[in-house]
Amino acid sequence: MLDVRHAAVNDRRLDALLLWHEVEQFNAAYAAALDEQRLFDWVEMFTEDASYNNLSRENADNGLPVGLIYCESKNMLHDRAYALQNTAMFAPRYLRHIIGNLQILSEEVNGEFKARANYVVMQVLFDRPSATLHQVGVYYDVFRRVDGVLKLAQRRCVYDNLLVDNALCIPV
Amino acid sequence: MLDVRHAAVNDRRLDALLLWHEVEQFNAAYAAALDEQRLFDWVEMFTEDASYNNLSRENADNGLPVGLIYCESKNMLHDRAYALQNTAMFAPRYLRHIIGNLQILSEEVNGEFKARANYVVMQVLFDRPSATLHQVGVYYDVFRRVDGVLKLAQRRCVYDNLLVDNALCIPV
Amino acid sequence: MLDVRHAAVNDRRLDALLLWHEVEQFNAAYAAALDEQRLFDWVEMFTEDASYNNLSRENADNGLPVGLIYCESKNMLHDRAYALQNTAMFAPRYLRHIIGNLQILSEEVNGEFKARANYVVMQVLFDRPSATLHQVGVYYDVFRRVDGVLKLAQRRCVYDNLLVDNALCIPV
């Protein structure tokens, strides 16, 4: 009886760990898409009705929705990606994400669950030789399984910086 | 026979992985408590007899115990948290942790084991728009299971920086 | 039948997770060896015929092999380690790695597989009090199991920075 209970506990822990790992791998692929400027691959990581925004910690703490980017559907994300790919401003920089401290915040119900992770985006501008901290903050996420594939139904990127230098429209 | 041995090896690897994940999740919660300035939640992550200190790599390498913070019990940590919550110096900044490279360094014996992880704490001061590297270093830890819950019996935060700018007393 | 299939799927996911964790622990040990300047321990993490190089993203994107470091065997890595240990330039700095976003990119075939991870190396120079971003980039790896032990058969460290300040020859 104890053995059965022990096995059941371990199974629950294992299930939680496998889900954590799945999201961790999602975030690694998400970062790689942005770091390699594959913006249309990035768009495909969201659900059709996804919301994505990028706002300051100050606004988030005060319940103000205004931010650098505010998209209410995958179509809007696609427009954003298209605009960036065709903008001279976008090319001359490198971005590099480190995503860490991932936490799954709720049970998976009907294929949906909440998560959060800390992120750092480092940037190299082509007129400055060294890397700088571009954005530092938290992802507050809602994930949803669509036909077995994990997608973001919501990602709020809340950054600590007071200002984000000359790259207002680049997703993180 | 081979199958049984294979299964046993996998079980050991799985147990090690589950413990690693448990500590990784502990560290994510630890970072969130500090990043969100929930200092009393942070205090609860330590055992009653916990030691916590924050000292330079130079002093650590030379066996010198003097550091920015030196606490020898949970009560001392509580006093520290209380003082910070009531200090005007504390509020006007944001901190953000990334904790990575976690290693479990010993077997769990009587619910106690050693671990280490690298950490980066980034800071945004309210009179400077960009994030800076506040502290970079290593956590050297002793964890202990108390009533089934993981707590820190010891955390030594050894930082590489030669100076830590104007925030001497903030825990990391 | 379904249960058996479910178990098989979970076994595959678990095997993938265990391999991921093994590489993640390899990278943590790799980082610790370099951060603690145990360069000969670092050399032992490579196969006899290993290639190791450290080159800029610009050169990597353009298929140019020239970089800061180019080693084509473990012997060359050993020479590099020996030279650094006996060079006055090396000592007066601290390095600290954060390795994240690890992805296993191929199945293990004959004990060999590909992986990648993002890295940040922070540096403290002894004449500057604060930590700086020394190198930011990606490890593109080929791992090989030698007598059951994981080794690097190839590590290409591709950095985003346009310049790497006064530490040309230090491995990351």
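Here the chain labels run A, B and C in written order, and each chain numbers its own residues starting at 1.
In this section, a contact is a pair of C-beta atoms (placed from the backbone, for glycine too) under 8 Å apart; a residue touches a chain by one contact, two chains touch by 3 or more.
Computed from a prediction, not measured in an experiment: that's the story for all the values here.
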| item | value |
| --- | --- |
| Superposition of subunit A upon subunit B: rotation angle, C-alpha, nearest 5 degrees | 120 |
| Numbering shared by both copies at the subunit C-subunit B contact, with half separating same from different | different |
| Centre distance in Å when subunit B and subunit C are each reduced to the mean of their C-alpha atoms | 25 |
| Subunit B: positions in contact with at least two other chains | 14, 17, 98, 100, 120, 132-133 |
| Subunit A residues within the subunit B interface of the complex | 10, 13-14, 17, 20, 57, 98, 100-103, 116, 118, 120, 132-133, 135-138, 160-163, 165 |
| Subunit A residues touching subunit C - in the complex, by the definition given at the top | 14, 17-18, 21, 25, 27-29, 31-32, 35, 94, 96-100, 120, 122, 124, 126, 128-133 |
